[in-house]
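Note that chain A is present in both complexes that follow, paired respectively with chain B and with chain C.
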Partner chain A sequence: MTTTTDRPVQEASSTTPAPGGSPRLSDRGLAVAFISPALLLLLGMSVFPLLWALYLSFTDYSATRATGANFVGFDNYSLILGSSEVHKRALTTLIYVVGAVLLQTVLGFSIAYLISRRTRGRGALTTLFLVPMMLSPVVVGLFWKFMLDAQFGVINSMLGSLGFGQVEWLTRQRTALFSLIVVDTWQWTPFIMLIALAGLTAVPNYLYEAASIDRASEWFRFRHITLPMVWPLLLIAVMFRAIEAFRLFDLVYILTSGGPGVSTETLSFHVYKVAFLGFNTGTASAYGILMVLVVIVLAQFYLRYLNKLKEG
Partner chain B sequence: MRYSKRAGLSSLPGRKVRLATAALLVATTFAACGGGGDDGDDDGGTPAAGGPKAPATVPELSDDPTTLSFVWFEWPPAQALEDFANAEYTKERPNVTIEVNTVPNANWHDAMFTQFAAQQTDFDIAILDSQHIGEAVTNGNILDITDFVNENIDVDAYDPYLLAAYGQYPQAETGQRDEDASLYGLPLLGDTWTMIYRKDLIGDEPPETWDEMIDTAQKCQDENPGVSGLAFHQANGSDAAAVTYNTVNGVYGGNLWNSADKQIEGVINDEAGQKAMDVLVNEMKPLTAKGSGNWFIDETNAAVAQGKACIAFQWIAAAGGLLDPAQSTLGTTEDEILDKLGFATLPTQDSDVVPLGGMGMHISAYVSESQQAEALNFMKWFEQEDIQKKWAAAGGVPSRTDAIQSPEFLEAGPFNQVYADSVARMRDMWNVPEYAKLIDIENTNVNAALNGAKSPEDALNDIAEQQQGVLDGGGGL
Partner chain C sequence: MAISIDEAVPAPVTDDAPAARRRGGRARRVIEVVLLVALAVAMLFPVLWMVETSIKENRDVYAVPAKFFNFDFTLQHFKDVFVAQGGGRSDLSGSFLNSVIVAGASTILATVLGVPAAWAYSRFTLKAKKDQLFFILSTRFMPPVVVVIPIFLMYRELGLIDSKLGLILIYAAFNVPFTIWMMKGFVDEVPAEYEDAAMLDGYTRLQAFRKFTLPLLVPGIAATAVFALIFSWNEFVFAIFLTSSQEVRTAPPAIAGLIGGTTVDWGLVAASAVVFALPVLVFAFLVRKHLVAGVTLGAVRR
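Up next is the complex of A and B:
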């Protein structure tokens, strides 16, 4: 089996160059030539800034002061890890990530499940549900800010017509964070839905047919066929969403500016303040590196769990 | 055989690619490091702290088509400046076009100082808030124009404190100017708060004391369902909530700091400061509209224009739109609106200070000498008496005393007399390099107190402790 699958590749590599091609450029040279621009771009735009930020994180460098960068060892890291201000933002971020991703997963999967059971208008419905995901987060933030306005917003207007009082969505501690979760959920539930839908449509029909023959209940089919088949795919979607939510900045900036007080300031928003209000570039670099490390470590644990699930 | 051949083939170019990658990274690193060093050491591109000096006289100007760029935040005076300068300055310099580029208010500081950090600006003149000067001067971002001012500007034509507030560093004592200190800018737009009141709801005479103002607002709110007693800035972006607290602090006799000793702890949160915070949170906040905890300039204007507030506080330079019938429900003509709206200086209480607003013009240290020359020429032209009067007539708020007292200014808007009467009462915040951090601390804590996220006492004590930490060189994150 292995031999047969390898053969076309070997044959392709031994094929003589087409007439008119450069006689000096081998296949590998051609491959390197094609890859180089992307590789250079990646090195210049991603790898180098990351390494540079890593270097700055061990210095007291400030982008606006002409004093240069002095090596301070792990001072920036210990300052960040020991700061109660950072702990506060980490807790806010955790609540936000758990709340938003949980809500999006439940809603996204439910919508996908309902759509997958429908045969007519499935494509149109899917496209319709995907619209929020295609909008810029800044635009989403701006129109939700108007909708959630306590005085003139359409949400309070609707609540008022139902006999409820005005809710201060963006200016009270609990409702402000809840509002951020709701807006993020509105925008990103379609992402979970899309991946869940892909998983649901891939479930072989014969499994359901066999279950029908055995007179299995709807719940039994969902619990023992649908969910186990979709679960690994859903977990990957959850991971993507959790990483995205972890670095939330734009919605906070537009909707609450981190307020009231600092109660909706996420870690990313705090990094922005450290970097651009105080221009403590070294400290902000260390802060950013720590955030990347957290994501990498958590993602590694998560991927191991996924692999175990796959092996199981 | 084929497999091993392929593996062998891949190892050599792989090594080459890895070596090339490493070389590229090293080269990029040297380029990044070297760039900064060169600027600083060789060509003088990085100005020393304090900023390079501008020439005492305007150098020879270019006759080539030139664009002089400003950076400001998005609000009506920005468009007014662009229109005015293009209409008037081009009479003297037909080859020059003025561009006033704007950013949202919340991005204003970042938009200027990230470019300063890159030592390359796409603006020639930065319009800095008075409190930004310390940061810009310390980092060498703007030109020292002391000699230029001495040669070209009639400094006696200004109230000394206005000239100092928009240009001097180190910061002047309130109400004074230190003639030995350097100047880094010249006034562009003066400003302070005005009290806007509904004459049809509370009468023609505005309240004279702060306590009386609160009582009047309470009575007005009780008598007019759907209309809130007060509207003012409470947002945690820019300097919104902080200016509100600072104003009330001043009115009740408090101080923000002891500038000589750089002491904040024990000063801002003294008895007068605590009283001011208590009045703001427990007496004024209950008279505002529900959900107004994130209001700034636009939202306050909207509340007044929609007839939803009895008394409001607003920057004079941002109050012009209130007279526009197209934006107001108070009348179909300006006269009808003015029958209902009155503008007055802020009430006094234990003290009679008002907040100093407005901004000055500052020349970027990172643009070419020809652009700096054009910028100096513009500033010299702009600060002339007749031009200042024309600027006043065009909707600007001048700083020259003769222009402030001129009919062109006083008759240009119903709130301009308020500005003229307030000049002697103005007080600014801290003008130090750490300003951005200090204002963020105050904004977030006052906003937290106004929205119930912190008690007034805790908020004020946190402000004092955190701001002191910043001034002392620590202050955590």
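Up next is the complex of A and C:
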């Protein structure tokens, strides 16, 4: 770095700036000086903890025991991979991810399509639809818990006035997971909608004009112009949501705490129970590392695709 | 990708169809509007219900069947959010203050670290730049519950458990990838030629950055910081595992703690949720132009 770096800006502007040193050299120094603090924070708070978890995953360490950690090889991993409890959580997570993301995509895209066909009030409409997405999962979870309450919840109250019986949304095996999917869909449909809308509004007008000159049918236009133009962006949104849904924890924690029984326990929630209620830190670490592997694979797909899209 | 919500309308179907088809078109338009309104009501109802619950008298909160319009109005719940039962400040208001401190400090830290890094990534040719950037973003995808296990152990060693500093650091680390990606997009939009020209005038690269590029980045920095602020403000998982005492606890775990007891004061829950969500909505409205980039962590730009 050159000596001029500490000079106040005002001074630099009033006088002729001092000539810097070799620009090539200072460029390199500058890049390192600018990037390394951020990378150091990430190394300390993301990479190092993960490496530590990787180490712990090969031990029988427990956070509550005073004794140290014994090396147990791949025992934790075989325990996790062979456990029927884990398989059950994996299935729950899969149902949840597929169900929620599918619903969000269909609804989000439909809303975006409907909005994009309006000429007036699009800005206001879009803003209104986006509100759920900006709320904290705590607020969303608590509030839906209140609305879905079997006795005084407003959902049952409305169903009642329509002549339906009461539904125990969060306390029945079958409906609990469904409720979770509904709440997540409510919160994240706007996300898909926002990105689909960005794609829809980017479709150049002349394509539609050309299609209408050719007297192309509405469906043809949708199928051969709209969809291909929006699909790449929509896929980005879907993959993004899938990763997020896979890591879901807070909504489960607040809405159902995994219950009734274990019917709404996602993998994230199970890791939490193993780590912080069972204090099997070593096992939980192995569990976590396996989850991280899944996330890394998903994220790789996502980033590769994103990269392709940006270059294309 | 040059995509904008505000861009021209994508051809709302033109009326070049014959009369018979046009009548069908009108019916269809009505159906579309009705559908849109129905969906909007469904999406907004929970929010409205939350606001309504926060201003209802307690007995109306639990009324069966639910009272939609003819309820008794009160601001007592909002008073309870800030004022303790016997007078003085309530625990919740303390948590809100903690949230302001933690979210604010972590946002400043993430911005101070992230903006220069984003500039460097945008301007210089670096080894494996793309890989570095993808690596940075992928740290943000880690499941929080998994990360929190080693972080918990690490903080226990360092004495950072149950401290604001610990939360600030983890939130900053959580926001730095986002800040770098989001800001890189903004820096890319400022032509590097400005800096080259300044350097021809004798400024150093750093001076050129500070005097010419940085002022142009201010709107982008503001938008990015607002998103980082929202992420930290809303964060729950780290907060609940890494803090426990009233002095440190931020608002999300404090609000979630309201439903821990045997009886739940839903009016208070609703009021505190409204107080908690209001600043987020205001901030989100301010940065609505950048929402697509913001919610995809800067990955999708328009």
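Convention: the second predicted complex is superposed on the first by the 272 of 312 C-alpha atoms of A that agree within 3 Å, B and C clash if a C-alpha of one lies under 4 Å from a C-alpha of the other, contacts with A are read in each partner's own complex, and residues count from 1 in each chain.
Quick note on the criterion: contacts are C-beta pairs under 8 Å (C-beta built on N, C-alpha and C of every residue); 3 or more make two chains touch, one makes a residue touch a chain.
Note that the structure is a prediction, hence the values are computed from the model and not measured.
Novice: With both complexes overlaid on chain A, does A:His224 touch chain B (first), chain C (second), both or neither?
Specialist: Touch status of A:His224: no partner.
Novice: Tell me the contact category for A:Gln173 with respect to chain B and chain C: first, second, both or neither.
Specialist: After superposing on A, A:Gln173 lies in contact with chain B but is clear of chain C.
Novice: Taking the superposition as given, does A:Leu79 touch the first partner, chain B, the second, chain C, both, or neither?
Specialist: In the superposition, A:Leu79 contacts chain B only.
Novice: Looking at A:His87 after the superposition, I want to know if it touches chain B, chain C, both of them or none. Which is it: first, second, both, neither?
Specialist: Touch partners of A:His87: none, neither chain B nor chain C.
Novice: May I ask you to decide whether A:Gln151 touches chain B, chain C, both, or neither, giving the answer as first, second, both or neither?
Specialist: In the superposed model, A:Gln151 contacts both chain B and chain C.
Novice: Output check: A:Val262 vs chain B and chain C. Expected answer is one of first, second, both, neither. What do you get?
Specialist: Once the two structures are laid over each other on A, A:Val262 reaches chain B alone.
Novice: Comparing chain C with chain B, which touches more residues belonging to chain A?
Specialist: C
Novice: Does chain B (first) or chain C (second) touch A:Ile195, or do both, or does neither?
Specialist: Once the two structures are laid over each other on A, A:Ile195 reaches chain C alone.
Novice: Quick one: is A:Thr64 in contact with chain B, with chain C, with both, or with neither? Answer first, second, both or neither.
Specialist: first
Novice: Using the touch definition from the top, say if A:Phe143 reaches chain B (first), chain C (second), both or neither.
Specialist: second
Novice: Looking at chain A, which of its residues have contacts with both chain B and chain C?
Specialist: The overlap between the chain B and chain C interfaces on chain A comprises residues 13, 28, 39, 44, 47-48, 52, 63, 151, 253, 276, 287.
Novice: For the complex, give me every residue of chain A touching chain C.
Specialist: It comes out as residues 1-2, 4-5, 7, 9, 12-13, 16-20, 23, 26-28, 30-31, 34-35, 37-39, 41-42, 44-50, 52-53, 56, 63, 107, 110-111, 114-119, 122-123, 125-139, 141-147, 151-152, 154, 157-158, 160-161, 186, 189-191, 194-195, 197-203, 205, 208-209, 212, 218, 233, 236-237, 240, 243, 246-247, 249-250, 253-254, 268-269, 271-272, 275-276, 281, 284-285, 287-289, 291-292, 295-296, 298-300, 303, 306-307, 309-310.
Novice: Which part of chain A faces chain B closely enough to touch in the complex?
Specialist: 10, 13, 28, 32, 39-40, 43-44, 47-48, 51-52, 63-66, 68, 79-80, 83, 85-86, 149-151, 156, 166, 168-173, 253, 256-263, 270, 273-274, 276-280, 283, 287
Novice: Along chain B, where are the residues that touch chain A in the complex?
Specialist: Touch residues, chain B against chain A: 2, 6, 9-10, 13, 17, 21, 24-25, 28-29, 32, 36, 40, 46-49, 106, 109-110, 113-114, 116-118, 135, 138-141, 235-237, 289-294, 303, 308, 434, 436-437, 440, 444-445, 447-454, 459, 476-477.
Novice: Give every residue of chain C touching chain A within the complex, in rising order.
Specialist: On the chain C side, the touching residues are 1-14, 16, 32-33, 35-36, 39-40, 43-44, 46-47, 49-50, 53, 61-66, 113-114, 116-117, 119-121, 123-124, 126, 130, 134, 136-139, 141-147, 149-154, 156, 169-170, 172-173, 176-177, 180, 199, 201-207, 210-211, 230, 233-237, 240-241, 252-253, 255-256, 258-259, 266, 269-270, 273, 276-277, 280-281, 284-285, 288, 291-292, 295-296, 299-300, 302.
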